[in-house]
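Listed after this line are the structures, all set down as structure tokens.
There are two complexes below, and they share chain A, which is joined by chain B in the first and by chain C in the second.
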Partner chain A sequence: MSTQVAPVTSAGAAVPAARLATRTRSVPRHWLLALPFLLPALVFYVVFLLVPLLGTLALSLTEWTGFNFADIRFVGSDNFRAMGQDPVFWQSLRHNVGFLGGSVVLKTVVALLLALALDQRLPFSNLFRGVYLMPAVISLVVVGVVFTLLFSPSLGLVNPFLTAIGLGRFAGAWLGDPALALPILIVIDAWHGFGLYMFLFISRLIAIPQDLHDAAHVDGAGGWQAIRDVTLPLMKSMVAMVVLLAAIESLKMFSLVYVMTKGGPSHATEVLSTWAYFQAFTANKIGYGSAILVVLLIITFVLAYIQVTRFQFADEA
Partner chain B sequence: MRRGTAIKMAIFYPFFLLISAVILYPLVWMVYSSFKSNDDIFSDVFALPQVLYLGNYQTVFSEGAMGTYFKNSLLISVVSVAGLLAFSALAAYAFATFEFRAKNVLFVVFLLGLMVPPQALIISGFKLMSILRLIDTYWALIFTYFGWTSFGILVLRNFFQSVPQEIRDAAKVDGAGHWQLFTRIMLPLARPSLATIAIFNFMWVWNEFIYPLVYTQSNDKYTVPLGVLFLNSQYNIEWGLQMTGLTVATLVPLLVYLIFQRQFVRGIMAGALKG
Partner chain C sequence: MRTETRIRTVGLVLALVAMLAPALLARTSEPVAAQASGEVALWTEFTAGGEKTGIERLIEDWNAQGNGVTISHRPIGNEQFFTVIRTALAGGQPPDLLQYEGYQQTRDFAGAGHLTDLTEWWTANSENFVLPEAGARACTFEGKIYCVPFTYQTGWQIYYNPEILEANGIEVPQTYEEFLAAAETLKAAGVTPISLGAKDGWPSTHWYMAFLVQRCGVETVYQAIERNGASFTDECFVQAATDLQSLAQAGHFSPGMVSDDFGTAEALFLAGRAAFFQTGSWFASGWEETPPNFEVGIMPFPRLTDAVNTEDITGAVTHVLAIPAAAANPEAAMDVLEWMSSEEAANTWAANGNISMYEGAVEASAPQVIKDLWATVQEAERALPWIENELPPGVGEDKVYTGTVALLSGSLTPEAFSQAIQDALEASAE
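What follows is the complex of A and B.
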């Protein structure tokens, strides 16, 4: 996804990376030499990634119940026009945008603040950052079910807890409340994923040369001032990258919604991918479902394109 | 201890501890509730278990099919990761070593795989698997994961390119062909990168939900995440059993994380934020 963050060469510290590859001179028949090495990866990549990708595009132009290949009808852009008459589609799109905005802001802010705080190198910093990354390795299905139980209005933890500390009047239906369900999902998603971005920030902070800190210190800039004047300006490109990564990641939202609310109550948490899933596998509208996925793909690729072109040659350190 | 450090600790530690609590409490609650009987849970959801009740674990593995889900996940993860590791190493070697027509185009095509969200492929993917008669087989999932070599190719190509030319030339002088150079020299050198890719992809394959949801149909083919969701509906009001399923499902990725934290973090740094 991002060549630029990758201090991957450091992974192979055994080899001095200083000298980058001098390319082998072109020799004829190199395709024949390369092919055996490329073939296994290429076969599976083409058949099980590129073909379905093109398949999604092709199916989006058809009308099909999915049962019999004889029934596929080419309908051109009809599916995309049908979106205009589908209020749930627009609702889903709005929720995707809400997810994007909410999770980008939450994850970036929390991750950056914690990275800066952990960069103070206090005792146990490594322990804390290890804990903060823990949710990221746990399946979103597990996360979804645990929080569903936690927020369960009758038996869960949240309502009894609020009652116990005298805030019983704030006890609510939580995931059953159309106004609260989406914000709750956004927060849980941030709970799950902020650690990854925190580590990206930490990797950038570590790369800031110590003499810059020393220079700030000599100039009499301490603590917060040093962070504001020295550290933050150097973090700009990483912040921009994290924002884009988190935005792209937010579009993948599916598991949490599927597990926790199934898009409900009354479509209050429906997103494009769950709506496409419903259209294809419950309503048997393969074409329309695929068209919704194409919209999701287009948004993803626009963001990914910005990310790649903006950061491919970004200067790190 | 310097005075500055003590002041900083007084400022930061409350926040660190508060956030740690927010992170850990739901997980700790899940684990200790799995050792409570259903009655104990519903008489007090907060309370720690009075006695260590193991009945949930027996039920989940005997009556429920947790053992089967576990076996499926392990099989699929190990085969998939072994395959995609081998395939991406081979391809990365080709990209780092040979000059051939359309090489850069092909490389960009491979990088595309890092951006495609899995859910954008499920409808056509389901139809493809039906045509290939792979629905409800392990192969549907394994072949799909074999296709996710982009991350490995990216990381390993960068690594192979960083291997000094002298090392390769020396091998050539000794009469080693590309296959020997690859297996005897490049792969051993790349061990740390291979470990990073293996750990990262293992986590991703183990936790993957949407492909198993769409490509498997019978209970005895479910992977752990799907199985947990099934248990969840099967034991709708038996929270003890649900908590046990969740705890068991969390065990493997958490252990892998605790043991291979360095490799996992390196994977993040390599920019692979997928899943």
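What follows is the complex of A and C.
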């Protein structure tokens, strides 16, 4: 003899068996309804992301000049072993780490500070929101071209400006100086990206109930104390998301480096994506270039996994 | 329920249309247009100066003939050119007629079976060309000819601003020592002596080559490239690298030499803000769009008085034409190729400021400045082709390009530079 038990929802209320049956039957119908709308995006996702991704993974295990498909040769892990002997690969990896640290910290800190400042209902807040967002809507290629010209020691404006204000001793080769080129790129990347993250922070700040601020004020908390003890704890998940997005953006860095320095001078600004591009499309080593990209992909995945699992729903904790 | 069905149907139709539209459009446009009109797709890197005006004029002339075959031209910037054509060749979607830069590219493309064998045509027509051996060298793979020489370019000249020289009491230098003295005088007067934008590597490589050909000579350089009798670590190679680095360390190049690109260096010179500018013969027909307010002077690259070689120069057959093996319209492409290699087309090409490879075209039709450059080439014993075109790309475009920039910035010694080239060359041969 069996006992029939009514299913229980998360809230603890019993769901009638008839309703549950209807719901389970209706799932495939909803799927069918959604499928035509999802299909175009799915096709694009598979064709333009999944297939190239799998192709890159496969090519990373081969040796191929890129001239003839018949010449593709399986070499196993040879390309990955070759990275160990490639000093430019390690140099590029270090530069990626530099980008990751420098650019992510700059973007996050500047965006958060400005978001907090603009949340104080200061005069012209809306104007400044627009102004700070502007760089983010300009193509990174255009940004690269403009800054390259500005920093040009021959025809640029930076050196003449420094000279004009009596700081001529600081005029330099800028992007031509191996020690300065990478920091300059990091700062430009941060300048380009912080506006968007500032908006994300502002959207989270707006969502914080005013009651909490009022309560903190009644309890005697000053401005800074309220930010530290009320606002910032509630911003954790957004900060985590911004750090994750900025980190992925930094790891993918290509266009700014390619346009401004092409990885030079002497590989001083080379990053994994530009080195992979050079290997694949200039040195005719498609397999090795793909292997470098696979390493970049793995690093990105690991980083994303750590961020997502560690910081998800941190506000509510 | 009815609404749901309707939404589902509309969604399904939209999805199918979105997916099939590109395929349907492609089916109805490409092949029909290409075959019905007898169109020949021509891809070149002729995007500026005399090359741009020359190819536009040639296409205009051909299409005006109304012979049933029309040329459609796709100009592609030099920086992207190689990647685009390699992808097109590998993907089986090449143009009908292709311009590229010969040498290593011929070996790569022909070696992969992407080019049509033109040996028979070349054998029957090679006598129409000047420097046929040089042309054949640029187009040969395993004893067969896969392309036809179209343009020669020389790097053996320095463009100068006569007004700056005159204002500083400087005569046009005849030797390298005089050139250095002139640069010193200009620097002392607060004038940038030489405009250089080496960001992309090749402009500094051309300077290195100008020293290399004098220190080692063409034969020795080829021995090193072929790893047969010489090495890039030999003394003359190191000396050439030292010459380049010394010039940079003396402060004779423009301050943006490492980070500026070629366009910036060109603009600096044409704006009258630098006295000298070394680059290829293409520049001689390249400033019509932004004419300078001075008469540009041209002098041969000044010879080092202590150099081993005093006869060789730098320059090469730089543009060649070929028919891809997978060309959609090979017969029409052959017609166009034959016409492009004719006296009529050669004269048009030369008249627009290009050194045509057709016998007598430069003498008959080119502007005087091109004639003068060509005369210098013909007086030379031998010419060293662009070295990156003779080396595997991982060597030429990394160790040489990046290395010469590193020499300028002082982050590499001449010895380390030379050793890096030799190591990479040996590694590429394994």
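By definition in this document, the second predicted complex is superposed on the first by the 262 of 317 C-alpha atoms of A that agree within 3 Å, B and C clash if a C-alpha of one lies under 4 Å from a C-alpha of the other, contacts with A are read in each partner's own complex, and residues count from 1 in each chain.
One rule holds in what follows: a residue touches a chain if its C-beta (ideal position, glycine included) is under 8 Å from a C-beta of that chain, and two chains touch if they have at least 3 such contacts.
None of the values given here were measured: they were computed from a predicted structure.
Of the two partner chains placed by the overlay, neither chain B nor chain C lies in contact with A:T163. Residue contacts after overlaying the shared chain place A:L33 against chain B and chain C alike.
Of the two partner chains placed by superposition, only chain C is touched by A:F67; chain B is not.
When the shared chain is aligned, no partner comes close enough to touch A:S77: not chain B, not chain C. In the superposition on chain A, A:L155 makes contact with both chain B and chain C.
Once the two complexes are laid over each other on the shared chain, residue contacts for A:F278 go to chain C alone; chain B is not touched. In the superposed model, A:Q225 makes contact with neither chain B nor chain C. Counting residues of chain A touched by each partner, chain B versus chain C, the larger count belongs to B. In the superposition on chain A, A:P178 contacts chain C only, with no contact to chain B. Of the two partner chains placed by the overlay, only chain B lies in contact with A:V145; chain C stays clear of it. Shared interface residues of chain A (contacting chain B in one complex, chain C in the other): 33, 36-37, 40, 66, 149, 155-156, 281. Against chain C, the residues of chain A that register as touching in their complex are 29, 32-33, 36-37, 39-40, 43, 65-69, 71, 148-149, 151-156, 159, 173-178, 181, 261-262, 264-268, 278-279, 281-285.
Residues of chain C touching chain A in their complex: 4, 7-8, 11-12, 14-15, 18-19, 82-83, 86-87, 89-90, 108-109, 111-114, 192, 195, 197, 199-201, 254-261, 264-265, 267-268, 271, 273, 392-394, 397-398, 402, 405-406, 408-409, 411-412.
Remark: chain B residues 5, 8-9, 12-13, 15-16, 19-20, 22-24, 26-27, 29-30, 42, 45-46, 86-88, 90-91, 93-94, 96-101, 103, 106, 109-111, 113-128, 143-144, 146-151, 153-155, 158-165, 167, 178, 182, 189-190, 192-193, 196, 203, 206-207, 209-210, 213-214, 224-226, 228-229, 232, 239, 242-243, 246, 249-250, 253-254, 256-257, 261, 264-266, 268-275 touch chain A in the complex.
In the complex of the two chains, the chain A residues touching chain B come out as 1-9, 11-17, 19-27, 30-31, 33-34, 36-38, 40-42, 44-45, 47-56, 58-59, 66, 114, 117, 120, 122-124, 128, 130-135, 137-142, 145-147, 149-150, 155-157, 160-161, 191, 196-197, 199-200, 203, 245, 248-249, 251-252, 254-255, 258-259, 273, 276-277, 280-281, 286, 289-290, 293, 296-297, 300-301, 304.
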